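For clarity, chains are labelled A, B, C and D in written order, and residue numbers in each chain start from 1.
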Amino acid sequence: MIKFVLEFVIDMNVFGEKWTFTSFGESHGAAIGGVLDGVPAGLHIDFDMIRAELARRAGKKPTEVSLDFYRGFTGVSSRAQNEPDEVEWLSGVLDGVTLGTPIAFIIHNKDARPEDYEFLKHNYRVGHADKVYELKYGIRDHRGGGRASARETAARVVAGCIAKQTLRLKGISIRASLIQVGAETDPAKFADTIAAYQKDGDSIGGIIECRINGLPAGTGEPIFDKLQAHLAFAIMSINACKGFEYGTGFGGVTQPGSAINAISGGIAGGISDGTEVIFRCVFKPTPSTPKAGVKGRHDACVAVRAVPVVEAMTALCLVQFL
Amino acid sequence: MIKFVLEFVIDMNVFGEKWTFTSFGESHGAAIGGVLDGVPAGLHIDFDMIRAELARRAGKKPTEVSLDFYRGFTGVSSRAQNEPDEVEWLSGVLDGVTLGTPIAFIIHNKDARPEDYEFLKHNYRVGHADKVYELKYGIRDHRGGGRASARETAARVVAGCIAKQTLRLKGISIRASLIQVGAETDPAKFADTIAAYQKDGDSIGGIIECRINGLPAGTGEPIFDKLQAHLAFAIMSINACKGFEYGTGFGGVTQPGSAINAISGGIAGGISDGTEVIFRCVFKPTPSTPKAGVKGRHDACVAVRAVPVVEAMTALCLVQFL
Amino acid sequence: MIKFVLEFVIDMNVFGEKWTFTSFGESHGAAIGGVLDGVPAGLHIDFDMIRAELARRAGKKPTEVSLDFYRGFTGVSSRAQNEPDEVEWLSGVLDGVTLGTPIAFIIHNKDARPEDYEFLKHNYRVGHADKVYELKYGIRDHRGGGRASARETAARVVAGCIAKQTLRLKGISIRASLIQVGAETDPAKFADTIAAYQKDGDSIGGIIECRINGLPAGTGEPIFDKLQAHLAFAIMSINACKGFEYGTGFGGVTQPGSAINAISGGIAGGISDGTEVIFRCVFKPTPSTPKAGVKGRHDACVAVRAVPVVEAMTALCLVQFL
Amino acid sequence: MIKFVLEFVIDMNVFGEKWTFTSFGESHGAAIGGVLDGVPAGLHIDFDMIRAELARRAGKKPTEVSLDFYRGFTGVSSRAQNEPDEVEWLSGVLDGVTLGTPIAFIIHNKDARPEDYEFLKHNYRVGHADKVYELKYGIRDHRGGGRASARETAARVVAGCIAKQTLRLKGISIRASLIQVGAETDPAKFADTIAAYQKDGDSIGGIIECRINGLPAGTGEPIFDKLQAHLAFAIMSINACKGFEYGTGFGGVTQPGSAINAISGGIAGGISDGTEVIFRCVFKPTPSTPKAGVKGRHDACVAVRAVPVVEAMTALCLVQFL
């Protein structure tokens, strides 16, 4: 009955060792979801926050999700569809409170339709991972492509929210915001900048800055497990991210030690120093644009939707140290 | 809104490093389930085998699950209820074939009813983990008890079946069977022996032997990661298991080297030698009996239902080495 | 210049995740040793205890190492040579106190001589790992055999002593002793029993019992990471160990639940219950005997020398949970 | 005898899961060193390369180590002392060939002198980790500071050389070079630029570019374990590194998708695409300068000495995937 076993495996789908987050699901399958193991019992989950964060990730207008933690510019994604990403909680939560057991949740793929498959077949373009998938796995499998879809980040956002809520109880806050779109650094002009690329059938990258406040001094380890190394790992695992820097970063290279000695970015020797941790990351423009021959609506600046994902991965990183 | 965070966590719920199996779910919650990460693409899943193995675990009569791989004596559990454990596949499988992505599955708790809670409240008895839970977690939480339920082993059986099917393709088979119940070693008399303890309101332990055939020589590592060490870890993680031995085991202590040198149990120096691997494990009698003051039906010999769980954990252990 | 790379690797030589112990060294090389990462700063190392434990492992007479913690029968190994295993401390210790940094230590192989190589060449016998090494690594490499030598356990004893000393500060003690040699269970007669096998050119197995006192209730995790599973993994990684059991063990199989419910062996549901933890393990007789055609002195009961190794691995296991 | 246990631990000192590198040693202690577990047997170690790479790390003039692989500008460090870092091999190597067992090596601290302690006491300055150590570990322990010393990177270089030599056999080469010092991007002028800062008692940062050639397409995993995430983790664990980018990096933010779609930096979707992998990282200027009140010789541009460390960590990262 069983004919063959292809040897390819798309692993690993597990992040973290203290809080272990396992992500699963294909964009075209029954559901995506995750299991978060390591969350202490007794946390009252803030479901509104999770809904709002999922809306941010889906590119909703700020007014649609006007909650107090919804901050900074996130723009309006042209890809924002009516995806009501609703989370179903399978375990680990009773009456809205965590049990200390693994939290399993799923988001059903309500919009999975045959035409999605067609879309995926058209998806093999420059700048995408399609070609390397073929190289690595030996078959042109647009089903596997369903796993690589950015939709997977919705599960990261849900898990990240639980991590953020736990951190919030310890007085630690994480706030990411878009600080640059193309050459533009004035947030007031981001929407126009993106609209121009949108209209032109082109796309543009962006830089996100993330600030962590309230992190106790002493977080991180001095040799290999430096705090910045773990943050870089978490952030660079997000699709389309091309760089990570903290403190003086790349820009600091032109400044002498005498001028920038005191700028730590919140981390010294791999260990948080008790001041605000500041890092930045850059997201490339999507290659799927009308200009590149891809028809239909396109996301002119994916960095917009990456903001809540950056916060989520930051939170999932930090809880490993607490 | 958030009042407090208890610090207790029931972790870790993850088994394995190459194939990572994450188990989740409370016996009283919406569902139990698991995520199996690391399964290669292209495996045609044998769903009938999974159904039959779940039936074995649920203590069904052999005749009800008369499939060719259903072997050895497993007896009839008095706890066998009409639990139609049906698996819902959420991801990682398309048209019955694995995708190489994480396989998430759930088993709904159809029978979760309020009276179950009452049952759990009566469950704090000698020989159970209730007291240590209280000691460890600081609260008398019968919800957490739901996690420790033997029902969790159903998820192990599902994951173990996928591991077994993969091993089968490589010519590796795993067969566990009950070889002793109380002092009785004749399988023909196991049913009567158990029935006698059942009638007496008492319970009895059993020994399971497991035989692995077709395992290539060279499996295992010579220092810490010996094959027998990993098998012992996997098997001793099953509820009620009190001991593990392989080859000459404890019984061999009375035999001189000259008599037993040639009996390897299939492993030498931590590494499989290409012959049949044979190990045994012992399961204690359940403490929840009428004789101990626990009313209602009871499982006079839990070792019966442990047989497919032993196979499942063996399979999940072996796939780590392939 | 570089001709070829054989793909074989004798890994993994790392034990533990919180306290990480890396063992290295060939019995014929410059030195064996280890690195122990995770030891807190401020521990005053008891070097006398380490010397005495190494002497126990080397099979010295009790009188030669008459220290107060030297307890139980360990007999006199015929293999006991004048190996003055002296530990050189490379890092992590200053003025006898741990620094909180990795502790690296070595034991020089003073007695490495050409004739040892000859001995190794004669060593390919039934019951040894020689054959599986050839199967696994594809070459008959007696140099690799040097890694599998029981001498490697000296490094485990050193690391285990540091673990034991840390546990001692927390009020946790570990005491292993030989409780059976062949069919003999009276310690007063162990020496004679072993001497008889020695004289006969044969060998015999033994059972070691280990008792852990002072372990706080709550140690261990309820699902996969049960305390007994981790203890079994640690103990089964010792050469020649063929079985592990705790509490009622295999012997309990003949007793009804009503008789043995209250015997926990110190662990319930995978978690220590605050009472004495008791486990047993069995060691097979060495296959290297005159009767099997191996000339020269032989170790008639390797279980004797395994006693301090059992304690060491128990300690290295327990510190993972603290 | 034992008075107290401080709870601080400087962990973790282990890098990697397939090839496990454990680093140990204090800069003022007997030795620093490492254990590399996972190296296949049969590799003929190129000791000359290791000597040359250690010389690069020590800041020697190129002419002093004029070997064919010594490439790019590395400048002349003012800190370059006569430290003849000689490696002593303890295990895992016989007659210059790896055995497939753990390779343990040490570098004796020949120059450890009392005045070093004085130096360390003067070392608590802005921009250093001294303060966070005090915050984290609760004591002002300049012995612990010995662990954080950049001298630890010598062990990384040794282990990295073995990784590089293994990669070289598979046709994979790693070449890092300094591409920017301050605002200067012309390598011909780096020496003068650094000399100017040196003379001024100040310091300056630098950018290192690393190019990996011959890496097979398919290296990396698409979700969390993306190749770029692991490279970022490895590189950001180096002292003084403030940022990591690959492909278009931060600079690409001003370019539209239509202009930069085709620049992958050798990685797509987390997986190498078979083209040259190019990444850059930035190193801050040392805060220990005469201008900042620190007397004595100073290293005006630590990026110079970081070049071989970048290559070493890249190699240790890549071998995890092979």
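To be clear about the criterion, a contact is a pair of C-beta atoms (placed from the backbone, for glycine too) under 8 Å apart; a residue touches a chain by one contact, two chains touch by 3 or more.
Note that the coordinates shown come from a computational prediction; the quantities given were computed from them, not determined experimentally.
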item: Partner chains that subunit C and subunit D have in common; value: none
item: Fitting subunit B to subunit D on CA atoms, where both chains share a sequence, rotation angle to nearest 5 degrees; value: 180
item: Chain whose average C-alpha position is farthest from subunit C's own; value: A
item: Same or different contact residues where subunit D meets its copy subunit A, judged by the half mark; value: same
item: For subunit A paired with subunit C, centre-to-centre distance based on mean C-alpha positions, whole Å; value: 47
item: Interchain centroid distance [CA atoms averaged], subunit B/subunit C, Å; value: 29
item: Touching two or more other chains - residues of subunit C; value: 10-14, 23, 147
item: Every chain pair meeting the contact rule; value: A-B, A-D, B-C, C-D
item: Touching residues on subunit B, where the partner in the complex is subunit C; value: 10-15, 23, 126-129, 131-133, 135-136, 147-148, 152, 180, 182-183, 197, 200, 202-207, 217-218, 221-226, 228-237, 239, 241-250, 252-258, 260-262, 264-265, 268-274, 280, 282, 284-287, 289, 291-292
item: Residue ranges of subunit C in contact with subunit D within the complex; value: 1-14, 20, 22-26, 29-33, 35, 37-44, 46, 89-92, 94, 99-104, 106, 137, 141, 143-144, 147, 165-166, 168-169
